[in-house]
Amino acid sequence: MEGSLTSIINLIFGPQHPALHEPELFRFKVEGEIVVKAEPRIGYVHRGIEKLFEKNAYIKGIYLSERICGICNVAHTVCYCQAVENVMNIEPPPRAKYLRAVVHELNRIHSHLLLLGVAAEELGFDTLFMLIWRDRELVMDLIELITGNRVMSAFNTIGGVRRDVNAETIEKVLKVLPKLEERVKYYRKVFEEDPTIRKRTVDVGILPRRDAIRYCVVGPMARGSAVDVDIRRDIPYAAYDEIPFNVIVRDECDVWARLMVRVDEVLESINIVRYALEHLPSGQIRLPLKRSAPPGEAISRVEAPRGELLYHLVSKGGITPYRLKVRTPTLANLLAASKLFEGHTIADIPAILVSIDPCFACTDRVTLVDVKSGKSTKVSLRELARRGRE
Amino acid sequence: MTDVYALKKLALWGRLRSPWILHFNSGSCNACDIELLAAITPRFDVERFGIKVVPSPRHADILVVTGPVTRQAAPRLKRIYEQMPNPKYVMALGTCACSGGIFRGSYAVMGGVDKVIPVDVYVPGCPPRPEAIIDGIVKLLKKMEAETYGK
Amino acid sequence: MESKLNEKLKDFIIESGKFKGGSEFFKVDRGKLRDVFNALLREFKGEVHVTTITAIDRLDEKKIELDYEIWIYPIKKAITIKVDTPRDDPKVDSIIDLVPGALLYELEVHDLFGVKFIGNSYLVKPFIISEDLGSATPLRKDWRGPSRQ
Amino acid sequence: MNHVLLLILQSLIFPGFIFVFFLALFVEWFERKLTGRMENRMGPTYTGPHGILQPFADFIKLLQKETIDVVSMVPQVIDLLIVLALSIYIFCALFIPYTGNAVLSFRGDIILVPLLLGLASSFLYFAGLLTKNALTVIGALRLLLQVIALDIPMISLIALPAIFTGSLTIEKVSHIMPYCLIKQPLLIPVWLIALLLLAITEQAEIERNPFSMPHAETEIVAGYLTEFSGARLALVNLARDAQLAVTSSFVASIFIGGLLTSNVLTAKVINVVILLLETFLVIFVATEIKCITARLRIDIALDFFWKYIIPSCIGLLLLAIVVKVII
């Protein structure tokens, strides 16, 4: 009865919307303030990268993989290089592995801080956003110091890394880390205690563990739902088998838990960077480059900031891959996310959206072009979810 | 006569001192986007110059486009450009937005932003540093100034 | 653990091996895909994660290979289930009722390779592909790009 | 005749249009600068000394921009509503005793002014509503809910100074408020609690965090502002700044007050300075609160208002009456 009286408004988020820093479209059907249906529409950032990989030589692929996603670019290059190294049967030297871990973790810190800042902004807490981003600049400086660029690191290469660090650099990095740690601990306190943040995030967007497994979510989203999974520990790559660290798992299953997992992971990452730099083995940083690869298949998995990243490389010999499949974490989280929106209010949309840390640049690397987006090509994910449960 | 001139000068002053930007991602990898966002944060703080990132195309003076234009984003980009009130300017941020960059030749990418809408200033870089973004805006303001005095 | 998995799946496995770099794969018959997943889900109490479905267009063998990349939580192990399907009429059983999380991957493979998933009623073409490309399958090897205007 | 001319001059220049115009722009600068400093930024810096001319530059620029009429709009009505809202704010400024004497003043204006302020902001929302954008509709709905919840606490809080001083005229209240407190120290605790509640209620009244839901940027773009452009946007922005300025002045004059009653010119100048300082104190507090909180959800905010703020406001009112009777 009530449903027939209240009008349903179609609310469209995007592709240009302040809550989405990327052009994706979400179609929400809202009744009053309550979301009754959410339909994501991906594909705005699709650039046909998987096809491009097939045209480009292995060495060019590094730069292409880096540009799948600018935020987690190191995870992409690590994953790509590992896949190619596996096919080529080469093993990077230990120093390179440690350096990879260092830059990978710095990248994770920058990505998580970015997300936490954006989360604060979405919740309307601009001061926190500005302060977190101010302190993120410390990490950006470190990344620049080690790799030579703020964002695109171009650090990894097939068979090792491209730049070495010297004692002076290590000292500089180790000097900045305590400063960063202190700030992150402060933000942890803010996220833990601030009443307005807690009001907006606790018990919002609950994804129970069972659903998290059924909908195949990955990364901090899974770990926030008590799913104990971390590729760094489970299938160690780079130097992670030698570096001690904890996997953060929380069982609150809500938006707040997902944010807290990220805060704690930043602290873990700081420790990893510190450990790796203090125990950096000596030796060369890369092997001589091979141009072509023998036939073969390899799978490489990496724990990107947003979750498990998978590259599946098929080589038929020669200098270009036969097929390279990339599965990025956001695509895995999208289905569960669109289910989370239902029953929440419009004000919760940004909070939930930000808790999955959407990176559509990643998601769309495979999917295709679309000219008329308003068409009836959307699938109702709610129906799908319901069907899946039956 | 001098009054008109003074008014014109005041008008130009207002425009130069208050460039409001709207950000549109037409298929970027997020690197340029985060650098643009970093430009409004404390270390770079473009609000000092009166630059403000606005949420709605109706409020904006400068459209900052990042990323190569994908086929799917192209009509949207055009529509957003049309929604902006005159006088409006476009800034192509990053190598991809300037020329299509590394994605040039892909079946899903149209190329640079200038394939779809007219561009006033190009800021190359992958991604451009926040300083470069500020410099790009300054160049655009100089262009505005030259346009006014040229007429 | 490995032997246990082999044991459990031995009725279905046609071929098994290892990728370069370590992880294991099992090739199974196309018709038995759902049985494999049922067995896995039963064995591990539903804690099976489908990471993705990789489709590989093997043009010279005239088949499309689907690789179900699977992560098993209880034993923390990644495996790959390979299924072949003919290129001209690619069809395979859908698993979304068993693992709902596989939905987007099925849609993606359907869109890009034209593989039909029997039992998945949400397959729309084009899903994310543009209207003007229509029934194109752009990641197939013999697809030559959109016709030039 | 002279009287009428004076009134026209006053409503045009001081404390009317010109004064409100510059006060509003200055208030915007003050708020932006303060927010910037709170966020560890500089805020506007280069447009004029310390960026003080920034809002003026924004205004000038917006005036020159094209004003787009969306197909669904009724531009004439929207413009009318915006101009009406702006004139109401200026009209309200005439009731505020900037010099110690208000231009207009009658018994009961302490009730009229908040009413008019509420009316003006609803005019702005109606203007937004007329653009027929899904987002503006949601923004307007949220405002409506907020206004309903806000009325009772606002009125009961405003009644407090009136009860304290026994007067219903803003001018008179602003003169005797502090002396009233000094004479009857029992009222001071009541007054302090009232200030606390006022700080919360005013955040909602001026739609700042944690009650900025009606134009929450990350949720509904810019709420009712979304479709406005050019000169229309300039006027709406001005009206919003005027709202902040006039509301703060009003609150400052009745809750702090302390203006001199003398008719000498120096006393008048001192009064202007005092009241403006008090106004900026109010804005300062409001901005600080805005900077240290996240935005609440509308249902949480309403819950908060109905459950805590409204009962405590009414309770405080009763308490004030009791205290007053005892004294």
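As written, the chain order gives the labels A, B, C and D, with residue 1 at the start of each chain.
Basically, contacts are C-beta pairs under 8 Å (C-beta built on N, C-alpha and C of every residue); 3 or more make two chains touch, one makes a residue touch a chain.
The model shown is predicted, which means the values in this text are computed figures rather than measured ones.
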Treat each pair of touching chains as one step and give the shortest count from subunit C to subunit D.
2
Chain pair with the higher count of C-beta pairs in contact (B-D, A-B):
A-B
Where the CA atoms of subunit A average out and where those of subunit B average out, how many Å apart are those spots?
27
Distance from subunit D to subunit A - Cα centre to Cα centre, in angstrom
44
Distance between subunit B and subunit D based on Cα centroids, please, to the nearest Å.
35
Which subunit D residues sit where two or more other chains touch them?
39-41, 217, 221
If a residue has to touch 2 or more other chains to count, which residues of subunit A qualify?
17-18, 43, 46, 48, 51, 130-131, 134, 368-372
Check: subunit C positions touching at least 2 other chains come out as 130, 138
In their shared complex, at which residues does subunit B touch subunit D?
10-11, 13-15, 17-18, 20, 41-42, 45, 47-50, 54-56, 58-59, 61, 83, 85-87
Subunit D-touching residues of subunit A, taken from the complex the two chains share
9-12, 17-19, 30, 32-33, 120-128, 130-131, 134, 194, 196-197, 199-200, 345-350
Sites on subunit B touched by subunit A in the complex
22-35, 37-38, 41-43, 55, 57, 67-68, 70-76, 80, 96, 101-103, 105-109, 126-127, 129
For subunit A, which residues count as touching subunit C in their complex?
42-43, 46, 48, 50-51, 82-83, 85-87, 89, 210, 213-218, 227-229, 234-235, 296-301, 308, 310, 312, 314, 322-323, 325, 327, 331-332, 334-336, 366-372, 375, 377, 379, 383-385, 387-390
Residues of subunit A defined as touching subunit B within the complex
15-18, 21-23, 43-49, 51-52, 55, 63-64, 67-71, 73, 114, 129-131, 133-134, 136-137, 140, 150-152, 359, 361, 368-373
